[in-house]
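First chain A sits with chain B, and in the next complex the same chain sits with chain C.
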Partner chain A sequence: MLRFIFRRLLSLLPVLFVVSVVIFSLIHLTPGDPARAILGQNATNEQVAALRESMGLDRPLVEQYLGWVGGVLTGDFGDSYFLRKSVTEAIGDNAVPTIQLAVIAIIVAIVLSVPFGTLAARFRGGRLDRSVMGFTLIGMTVPSFVLALALMVVFGLMLRWLPISGYVNPFEDFAGGIRTLIMPGIALGAITAALITRTTRAAVLDVLNADYIDAARSRGVAEGRLLFSHTLKNASLPVLTIIGLSLGGLVTGAAVTETIFNIPGLGQLLVTSIARRDYPVIQGVILFVTLIYLLTNLLIDLLYGIVDPRVRVGKA
Partner chain B sequence: MTGESTAPLRFEELTLDIDTPQGTVHAVRGVTLELQRGEILAIVGESGSGKTLTARAALGLLPPRTRTGGRVLLGGADVLQAAPEALRSIRGGEAAMIFQEPSTALNPVFPIGWQLEEGLRAHGVTEPAERRRRTVEMLRAVGIPDPERRLGDYPHQFSGGQKQRIVIAMALALRPSVIIADEPTTALDVTVQAEILDLLRECRDDFGASIVLITHNMGVVADIADRVAVMYRGELVEVAPVDELFRSPREAYTRQLLAAVPRLGGGREEPDASPASAPTGASDSTTSTAVSAAPAAPAPAVLLDGVDIEYRSGFGTKPVRAVRGVSLQIARGEVVGLVGESGSGKSTIGRAIGGLETVAAGRLEVLGAELRGLPRRRLRELRRRIGFVFQDPAASFNSFMTIEDCVIEPMRIHRVPGGRSAHRARAAELLDAVELPGSYARRYPFELSGGQRQRVGLARALALDPELVIADEPTSALDVSVQARVLDIFTSLQRELGFAALFISHDLAVVELLADRVGVLQGGELVELGATEQVLHAPQHPYTQQLIAAVPVPDPEVQRLRRRAEDPGHPLLDAEAIA
Partner chain C sequence: MAPNSPATTNTAAPSTTVLAMQPVAARDSLWRRMLGNTGLMTGIVVVLVIFVVSYVLPPLLHLDPYAVDPANRLAPPSAAHPFGTDNFGRDLFARIVSGASTSLLVGFVVALVSGVLGAIIGIAAVFNSVLDQVLMRICDGLMAIPAILLAVALTAALGPSVTNLVIALTIVYTPGIARLVRSRALAVTSETFVTASTMQGAGMLHLMWRHILPNTLSVLVVQSTFTFAESVITEAAMSFLGAGVPAPQASWGNILYDGKSVLMQAPQMILITSGFLIVTVLALNLIGDGLRDLVDQRSRSLVGKPGVFARMAAVVTPGRFRQEVKR
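What follows is the complex of A and B.
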């Protein structure tokens, strides 16, 4: 088992390498110049050239890349051009709210979708099934910023239950933190929730038709137990896949939600850095998000083995 | 007989109607039937005869939207009227069920110990140690070695036969008085089937269970049943003690059913129409492709010489050798049968001959061409001369194509000249050859029965006038009476068209009907090869003898003698002595 994890971790290295090359070349090949961005429109070409030289931007791309990667390998992601702090610090400051937001979004999604998806499958074709399916359709088609604004109007302005924007770290003030994060979490998780509901429903339907469910029924196992203990474990395999795939999307998709709710997260950092051509921050953030994505999917693969003995790693 | 009260299970005027969007299906009509204490009652009939539904009604396990009529008395109480709670205690407690496919009757993601305990838990055995003790006891009773250690194992870690033993253990766990066994051996190899039938007999003898056995296999019926109920289209045709039913069936339908059963040792239907007779082509066929008017001594249709076939399961793992050093020849116009149990490599050989598997070692020549290293274009050309018939007619057709399009497809792919109209004419001719009405051309595969579909499969295989047909278990998904018809058509077409054929089957009696020679495979090796009569009547290899001995003879008297004699050496001599 440990050997498997180690091997999988090693196999992440080539992926990260390819990603680093792609980000680096994409960023440096797109038009725009950080030196010009720093100095503003009024600077002379000589001033810009001088700054470029001092920033090392005039050196060949390969050399710049090697310099960056060398830094990354020793844990130094470079310094932001604008923020007066290192990239590591910038990510550290902004990753926490984003990860909290993503985790809340996924929790909201799972808590809503797994029971409703399961019940919809159990009472297929009934009123519950139809309304659940209707809601998933809305959840998938309404853009997250529309949902975010609607939530703000209802819960923030009309009912005045929740703060409209801002961010409080739940580790410092739990209740306050959750209050600030719950609306953005719902807005962000809605699409995922709809997706997981549909996947759960389809998966449970599949399993309910399996012979072994009939077989368990023939031995007198009660319907409720049949649904929740005999069925759900089998049905969780496709659901896990969807969760793994959407987690990455949640971290990057958070940008819009963060902007609307004014949360100082990675998404915001990324968007502003792109506008300012803050190369080291862009590279650092994307590399970080990639790593999170890869690690969550590794985790999902391991969960696979726990759920389904047939895909368990190595021979038992 | 004191009658009603003593019978553990009694159906009274049972009627089951299922509402479907296409209308109501009268699945079971007025069946009255009694299972006596300590008896094994077989219910036989074709698919769709209502035998499974009738038996499942004993547990109240009916498909949704089923309307019921009559009564099903289990230990005196009517199952059809039982409240959900009462039904739960009946299921598993009073009556239990054994399923056809053991690998799908067990939940793949839970250990078998947990699954066994679930039944006990559902019936109020709350003490974990007690559950565990009884679970181990049951597993030992059904012959799972080392049960304590295997409780935590998952279904995929057991063989097919062991899985069925576990399913039986689950059924026996609460000592039910009635066991419903729905085709319990159909998915198993013959040698394993014999073991499971023994186990069922023990269920009755040692655990005092009365058994309803649903099967389509007359050999199994003869082997184990005390009484037989014959069903046809939802109605009970005849009920009789097993000897009486086989000796003097009362109803015409029963006679028909018994006549359709291929009997091992029955020989071929007609004494040999010289297999090597010149291929005559499809008589007046408009597109008759020039069939091998062999210039010199023609190469055999198939030549395998020391062939090895391997499967690689993944990078860095050791390849599995599915076929080892097999040498076999099929002459032009000859039918060779290949028998063996699952995993013996018989399908692999068929696939390799069709160019669907690559050969790891040895020589494989098909219609004179060496397959190893054959360029793709040549392989494609070669495939045009080979016809394939697959096992499951339900799965081997594209459900969005009409029957006609299915038959035409190979002609289209291989650009047979003449265009669409000629193709259609040829399709009509082929459907006629497999005795399907021309009006079926416009239908879709799902509108046909299994047997009709398999006839279309045969028509499709013959579309290009193949010189070689590979038939992989073409009748094992079919009912016996339907199987007989498909085999008849196959045989007569083979004689008429003179193609060589490789006929793969696990059913020795079927192979005997149409093969000139038979090869027996065991674990990837060809252990015996010879003339059909020779191999089946005087088997030389112990494995062949064992295989033949394991096949139950569809005659209760003979089967009883064989069972007593336990003489695997000359099983058929007994049969002949009686007959």
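What follows is the complex of A and C.
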């Protein structure tokens, strides 16, 4: 198991290297002088030169890169040009709502997808199966921000059940926090559920045809237990994979959805930073979200090893 | 061995002879299989209609997506403005039609360019192991960064314009296609006909062009279609965040962005635009699914019942339909 973890960690290194180069080079992709672009046309040459120096733009490219990576490795993402705080602080302040939203969304997605996907597979071709598959087709098509807008019109404006904007931390006021987060959470989770439902259905269908399910049935295992314990457990590998893969989309989706609901999360931080060309914050946010994505996928990979011993032995 | 001698092993080998003796089923023509796939045809018709409308209607009806009518802001749908007006008093119908051409153009160009680049990278990777390692690590790295975030950041860095948007989205979507093409190309290179061709002295370029590319084309086309759909969504999401198509130009994301702030007064702005967005993406996904069924050997036999489009074609060419029924 240790060797498996080590090998998996080692394979992350080249990915992290490419990610860091791409994110670092963002600032240099700007046509012309980034310092001039940040300060605008009215700034004096002295101001631009001063900013260039403080950004380290006058140093050689490799040195700049190594300096930036060195900072990142020690948890120092640099300072924001506008926020009067370090990027780490800015991300720390804004990550909480985004992660809460993503967690609510993944709960909604799993609660919707796993039972319905399993039942759709069990009653394959039936009315339930067809309607579930129809809904997943819609879910794969509708972007989460469009569903969020639709929910906003229905539950916020027409029925007036839920607030259409604002954020309350659920750790301080649980009921109020859930009220502000549930609508974006459902919008995001329902869309994510579509893909997971399809995968669950396909995986369960595969397992249902296996001999050991027939064997269990002939031993007299109850149908419900057979479906949700025996089958689902063996079908969990592809389902876990797709949940892990959708986590990246979920955090990004949370970033888009939260701007609709005026939730002060990473998405809002990114959008305002882009408008202000606050490069350290842009780089920090993207790196942070990418790291979350890579780490969750790493955890899921390690989880495989626990769920399915074959993965540990084979060349994963 | 005599035909009826007792078996020497416990398991009887399944007789392959009987299977092989069956007559080979007549292969349907590509055109007929396309007609038989209702989803594919629906998708193609919908996308073509939106495409034609977005290019033909504006000059025909003198639609101006930028004409401002301040006295007539946020008007509900009427005869003069079928979809109403937006917060600047611009005709929403004209803006949606103009936005359709932007969205479709961005999606199409991204799908085309990333398809071509992905094919080149994917096939090149198969022929050189060092190149393979380098290219695939770069692809892995790019794919690790969430798509919308990378696209938003790239567009922001390059400067907001439609061209830069296309460049950013191409950078985001090429790695996925390259990886897919590579895995398919890898499978093809181990086929015997490639070995045979190599032994006949075929050069690397000949192999790539004549053997590898045609065999990866099916995966490539299907994936490019899905990339088209993804790009339309991502473009809308980016413009909705205010980091995509720059402001006065119409795109579906921009209209949604404008509509969000006037949700209370004019919900039709968001509802109609999202309707168009969803129908377009659904149509593109139907095309992708349909193409996949078309090229996938396994599901070929499933397409049998003539759908709406096959029956419509049968009205025009009755001879073909009779054939279809007979089989």
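What we mean here is this: the second predicted complex is superposed on the first by the 276 of 316 C-alpha atoms of A that agree within 3 Å, B and C clash if a C-alpha of one lies under 4 Å from a C-alpha of the other, contacts with A are read in each partner's own complex, and residues count from 1 in each chain.
Just so we're on the same page, a contact is a pair of C-beta atoms (placed from the backbone, for glycine too) under 8 Å apart; a residue touches a chain by one contact, two chains touch by 3 or more.
This one's a predicted model, so the numbers in the text were calculated from it and none came from an experiment.
By the touch criterion defined above, A:V307 reaches chain B but does not reach chain C.
Put chain B and chain C next to each other and count what each touches on chain A; the higher total goes to C. In the superposition on chain A, A:V72 makes contact with neither chain B nor chain C. When the two structures are aligned on the shared chain, A:F145 is found in touch with chain C, with no touch to chain B.
By the touch criterion stated above, A:F17 is placed in contact with chain C alone, chain B being left untouched.
Residue contacts after overlaying the shared chain place A:V256 against chain C, while chain B stays out of touching range. In the superposed model, A:Y212 makes contact with chain B only, not with chain C. In the superposition on chain A, contact of A:V153 is made with chain C only, not with chain B. In the superposition on chain A, contact of A:A50 is made with neither chain B nor chain C. Overlap of the chain B and chain C interfaces on chain A: none, as no residue is touched by both.
Contacts from chain A toward chain B in the complex involve residues 210-223, 225, 230, 233-234, 307-310, 316.
Across the complex, chain B meets chain A through its residues 59, 61, 84, 88-93, 96-97, 99, 101, 104-111, 115, 118-119, 122-123, 153-154, 156-157, 167, 170-171, 173.
Chain A makes touch with chain C in their complex at residues 14-19, 21-23, 26-27, 29-31, 137-138, 140-143, 145-146, 149-150, 152-153, 157, 164, 248-249, 251-252, 255-256, 259-260, 267, 270-271, 274-275, 277, 282, 285-286, 289-290, 293-294.
Chain contact summary for the complex, chain C toward chain A: residues 137-138, 140-142, 144-150, 152-154, 156-159, 233, 236-237, 240-243, 256, 259-260, 263-264, 267, 270-271, 274, 277-278, 281-282, 285.
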